[in-house]
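We call the chains A, B, C, D and E, going by the order they appear; numbering starts again at 1 in every chain.
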Amino acid sequence: MEVTERTAVRIRTRKIKKDQTMTKFYIFLTLVILLLLVAALAPQIVPYDPYAQDLMKALQPPSPEHLLGTDRYGRDMLSRVIMGGQTTIYSALLLVAMITGFGTLVGLFCGYQGGKIDSLIMRISDVFLAFPGMVFAIAVAGILGGGLINAVVALACISWPKFARLARGQVLAIKNMPYIAAARLSGSGSIKIVFKHILPNIIGPILVTATLDIGTMMMELAGLSFLGLGAMPPIAEWGSMMSEGRSMLQTSPWVILAPGCAIFISVTLFNLLGDTVRDVLDPKTKREKRRKNESKK
Amino acid sequence: MNRILAVSNLKKTYTKGKSTICAVDEISFHVDKGECLALVGESGSGKSTVAKMITGLESLDGGDIILDGKTLKNPGRKERKRVYQLVQMVFQMPVDSFNPRIRLGESVMEGLINQGMGRRAAKNKAIEYLEICGLGLEFASRYPSEVSGGECQRASIARAIARQPQLLICDEATSALDVTVQTQIVKLLMELQKNQGMSQLMICHDLALVQQCCDRVLVMHQGRVIETGTPDEVIANPREAYTKKLIDSIL
Amino acid sequence: MQQPLLEFQNVEISYDGEPTVREINLNMQSGEILGIVGESGSGKSTLIKAAMGLLGPAGLVNRGEICYKGQPVLDLDDEALRMLRGPEMGMIFQNCGSALCPIRTIGEQLYETMAEHGVSDRQLVREKATALFEKIHLRDAERILNSYPFELSGGMNQRVGIVMAMLLEPELLFADEPTSALDVTVQAQVVREMMAMREAFGTGIVVVTHNIGVVSFMADTVAVMCKGQLVEYGKAREVIDHPQQDYTRQLIAAMPRIKR
Amino acid sequence: MKVKSKILALLLTTTLVGGMLTGCAGSTGTKSAEEKVFNYGTMAYGAAMGNVGLNPHDGYSGWSTLRYGVGETLFKFNEKMELEPWLAKDYEQIDDYTVKINLRDDVTFSNGKKMTGEAVKACLDDLIAVHDRAPKDLQIKSISADGQSITITTEIKSPALVNYLCDPYGVIFDMEAGVTPDGKNVVGTGPYVAKTVTDTEVNLEANADYWGGKPKVGKVNVKSITDGDTLTMALQSGEIDAAQGLPYANLELFQNNDDYTISSTNTSRVYQAALNYNSAVIKDDAVRKAMAMSMDKDGFTTVLLKGNGTPAAGPFPANFTFGGDAVKDTAYDIDGAKKVLEAAGWVDTDGDGIREKDGQKLSIKWLTYTSRQELPLLAESVQATYKQAGIDVQVNATDSYKDFLKAGDYDVFANAFVTAPTGDPQYYFTTHVVDNSDYNRGHYHNDKVETLVAQLRNEFDTEKRAALAVSIAQQVLDDNAYIYASHLKMSFVMKKSVTGFTAHPSDYYEITADLDINE
Amino acid sequence: MKKYVGKRLLQLIPIILGITLLSFTLMQSAAGDAVDALYDNASGGVSEEVKAEKRHELGLDQPFIIQYTSWLGGVLTGDMGVSYISNKPVFETFVSKLPATIYLTLTSIILTVLISIPFGVLAAVRHNRFTDYLIRFFSFIGNALPGFFVSLLLIYFLALQLKLFPVMGNGSLKSIVLPTLTLAIAMSAKYTRQVRTTVLDELNKDYVIGARARGIREPVVLFASVLKTAMLTIITLLALSIGSLLGGTAIIESIFMWDGVGKLAVDSILNRDYPMIQAYVIWMAIIYVGVNLVTDIIYHYLDPRIRLEQEG
């Protein structure tokens, strides 16, 4: 039989998708920072005093003068939405910082230490986890009375175990890595091992969860405010603004749509950021990068 | 005293559910100063557990470890520090044995700083030992993910010997590496043994490799030592069926 | 000259647009055992993935041709390619246990493989499998078929992998580091069983490994790869006993050998 | 590819099932009285209101008995809140302590039993034996029955006795039939009979033998809807025929809308702020005066209540002879308030917009609750206007306000209160302004007020009583002990087809025999 | 298996003790004096002697631990006191409203499954292609809209404009559509993403390449192996969400006047009806724990890896 005829060398091409993870990450990060800046500088950039009432101008539809209209007290909605951003976003941030910090510490301790204390604390976290989130928050907020701080405390109470579990799981996963053994052989003490060798290596997934949680927490705070268990009037807070404006959906929709869109946009932004952070930290993408580096060498 | 390490009736058991597994079953051996001893066996033979017990990473369930003349039994924090002055270890997975977020140089320095050395001195010493292990200055500032497996293993050796231990334990230090790199590392280890006068405990599954570089060999099977002798003796005249099978399997 | 069973013609393979394997020309005959050796990153596994059409979305053979029995396989549509995989080309993985669905029994997946290629008689499949298991000296086929992959040891899973691949009696068997994850004693056994398969079915085998011992024991021809390129290619004995290239020499020298 | 088609099929099925569920509703035609069903959504029925169930002798449940046409009282109020006979024909004041009431002869309970003097006596005896408020209000010593009349003797002079009997707890029901075991249902004399009574719904059927004529609608379902938007949208979607308690913001959806009619009336429910005399700041006359001057009652009423109320001068609305403009309140005058405060030494020294005196910030704690939707609005409105005058307001709108009241941790308590449920002024004064009265939470005391109220207690002449009421109210206003913001206008919104369903100033009468649906 | 169930049941005891202890303590500290609260609605003063007597009668002068134990006994026998508002037994009220909530929860879960599994799988299969982006886009929207807002929009468009469904719940099939939809939208948004991730993870596993190398058709790989494995995780996630959903219905129930325990809870909170809140919190937690237990057991049964390890 003949040797297969040598045809001309065939060339195939395919469009190569560029890895846009980092670009996306920077875009979303910029947007989030922008959002945080707007919230931080709210008192400086609001066009009107968000608390100044003018009953003569109540419930005006959006106009050049009041871009998002006015609420029933004649307060400028745009100013209130911006101001509300400060309250809402920073309470969510504070809340997430609290539960992440506390939960991670507990998780680090439990995962590293193990033993009886570990199982005791994990049982306690089981108890907290057993309460369906919103239920417990409603109950605690109901008990403590309304108020933004109490709402934050209520949500913090039930949300920390999630981070404790996450951190603990991560610790257990890397506790037996050779580099931890190596660090111990280097004579490093437990505290040094936990904070220098374990924490930096588990912080990635925790940060991702924390970022994604900012959005969730904003929604839960809004839910509590909606029930009248969150921020108290006249404080501009998106959830309570929506709750206040809900009866005006048909008559003056801007009163509820403005804070509604604000919540929607910020939650989406934080979620998008969280997702991209996850992609950035994803071991798979990292491995691919490393492989690429190697092949370049 | 000529023995850096003496182990007698060492025992380690694990409980899994209701059954108890004896990972290390009353084994005894010793390492003389300047000697290179090999522990050979297949996975599950308990050889790595022995290494972990000697370095205090695992507790003992029985037996004694006499290190440089002193007995240690489940050492406390202080005692452990003394152990780490005497014994250091090189791990199987080179990249995993470095904290991915810390530069190689920093990792080598860590042990020195823990020993009480100043940062500057530690840095110089780290660079010195990295060079001994064939890594240039630039490697000190690289992350583990930025270097190859062989380079990482060199750094790992540098980290271990920088503390000038009397005994170096190599737990499958070469088995994850490519063959050409493997020979380089083995060569480095043999040089170090000669130049630094270090004793070595080599944990390995490859009899051929052991034959190249070790003075004595212990064959382990199911937690027991079944055969000892010089590599040549053992390979030439295996007494146990298992040892024979092991030798025959080498292609 | 017979038509080659498998032929690589000037193949270049790239990942994400970056070429990782270049200018590969290989060909093998039916019943031949081709050993591809090389160190990690040399691109040896990529070759068999390309031949099986398993490069994934990132990989692409952007130059050259791979022919199976003279038929170019690269531009086959999915269904035609599928019909090759199994009855024509089988594959053994480094870890056959994880190449099986973890929550289905081995028997179930074995039957599924056969059914997908037209044999849907359970009894027949069972009998065939049992016969094949006996060929590699496994008597309790029944128990193995009713087991889940995680219940078996690594060596046992490799042997199941061999049976799984051989059940459809392919003419070509790819083995990707089939023994690297095994202990030496088991390794020898698995190698012998693969040889037995060639004896029994006349299957051509491409074995990819970093272990020169395995290659010298099994292979008729050897291809040595380094950094994505073929550095030496020829009859196994010639290459191992009289290496022409520095790299090959280095590789062989580095291989610890036992002195008896 | 097959995966795709399977998923598609699944989607299709889902949509289909959804479509089936949405199948069209039944059509309507002319109906006989029996077929007519009136669905009524109300915010006012519920456990939180304390009026669940129809047993008049249990808390506030009598309101439900009366409102939903199950029971009736001996006398009732007309649109001007004047007394009219209902189950009674008339009454004679025999002396200061004795009243004889003559009953109608044609009234039967819905179980067919005749309403006799004995039956009424039995009912009232039980009332004063078991009810929590009635004995104190009525001060009844004894009741005797004689055929179709009863005679009531009181412990003290009780000029308002007959008025009190109009209170929903005065609903007459058949004591022999008693209260159903679940404690929720009774046999009354009204046009409707309750078939089922739950915490959230009352289902009524027409009482065919009603003494006042056959009801025009066969079935009435009263549904408790606690969410204002749901109530609005349920009315819009046609699930209910009429609604009580719509949020103000939504009323405009139904105003100028030909499909709906609105029936509104002024009520004596007032939004008031009670000042706490135990607080040092409040004790300052100037502060109280400035507070009264700084409340924008007009703005609150027209903008925030969207016109569903009338600015209040005093405790009683304008449809009372002693209400409305009969008293004079301080006009809304921020500048005036500033002057008053400045004169009293309250000056803003640190430039934060809040006045201080002797290092004490002019900051007041405004306690209120949210279950009345208007109260938080009032609080926010006040917060803004007071700030202009230099008074800082810390709003504490909480439904656990009772704890704060008990602790005395507040300066102002704003609440809603029905000031003249009996059409008589005495009730409000005896509960709010005299020493140690139940709701005088701010510990207001004025000797003159004490004397005047004492006179009121013993005065039987209606005109004189009215004059006394005006003097007392004026004194309270002059002292700025209470600030009255607004009287609530109550509105029923109903479909165009609904007739005979009107809002009553007393807030007692809702469903009557006049109710009809013309489709 | 039996042994495992027994073990899990034993593990439940400390958790239930924890739940009850926590809520008891919380309510104790929140509600203040129960006797004061009891007499709060009675007009006029009640003398301290009467109150003290009542306290003695209710055992409120006992030490904490004794109070707790006797109260716990009540919880377990369904005697959890009387509502401050309605004066009716709390537990009975709770139980009478539970079916409505369970009904709503189940329909929501079913709808969620019907939405999230097909779309999640589709998105994973079409990874990084248009369909995937589209599905992810919608899941982002669903994820960022507060439930109460969605419910208002749904009522406005589907009930008022299109007149398809009633606004209020009345137990009928049609009236459950809107609340179900509201709950399912939020849940589906979340679970579509989780299903996608899970399936993607599975698709990246070696056994998929293994199956392909054996010449098995893609749909067979997907349905027989990938989905079967992924479903284990997904079912667990969904089952776990039953618990959180039971609690998440509160706001939605009160908007749609759905007469379930969620609405009961919201009403009780607004009325400070502590015994009722307490009953709600405890029983929801216990139900949640129970559901988790059942899920775990089912998971155990379904996953041979765990099942055999346990038995072996």
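Simple rule for what comes next: a residue touches a chain if its C-beta (ideal position, glycine included) is under 8 Å from a C-beta of that chain, and two chains touch if they have at least 3 such contacts.
The structure presented is a predicted model; accordingly, all values stated were derived computationally and were not measured.
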To reach chain E from chain B by way of touching chains, what is the minimum number of steps? 2
For chain C and chain D, what is the smallest step count along a path of chains that touch one another? 2
Out of curiosity, which chains are bumping into both chain A and chain E? C, D
Far-end chain from chain C, centres as C-alpha averages: D
Chains sharing the largest count of C-beta contacts are A-E
What chain lies farthest away from chain B once each centre is taken as the mean of the Cα atoms? D
Whole-Å distance, chain B centre to chain C centre, using C-alpha means? 35
Averaging over Cα atoms per chain, report the distance between chain A and chain B in Å. 45
Cα centroid separation between chain A and chain C, in whole Å? 48
At least two other chains touched by the same residue of chain D: list those residues. 229, 400
Going by the touch rule set out above, which residues of chain C reach two or more other chains? none
Residue numbers in chain E touching two or more further chains are 152, 156, 270, 272
Applying that definition of touch, give me each pair of chains that meets it. A-B, A-C, A-D, A-E, B-C, C-E, D-E
With touch defined as at the start, can you tell me which chain A residues reach chain E in the complex? 17, 123-124, 126-128, 130-136, 138-140, 142-144, 215, 219, 222-223, 226-229, 239, 242-243, 246, 249-250, 256, 260, 263-265, 267-268, 271-272, 284
Residue positions on chain D within touch of chain E in the complex are 1-4, 7, 10-11, 14, 18, 21-22, 46-48, 50, 52, 59, 132-133, 136, 199-200, 223, 225-227, 229-230, 233-234, 236-239, 371, 399-400, 402-403, 438
List of chain A residues in touch with chain C within their complex: 1, 3-4, 6-7, 9-14, 16, 288, 291-292, 294-295
Sort out for me which residues of chain A touch chain B in the complex. 177-179, 181-189, 196-197, 200-201, 286, 290, 293-294
Per the touch rule, the chain B residues reaching chain C in their complex are 42-43, 149, 178-183, 205-209, 211-212, 232, 235-236, 245-251
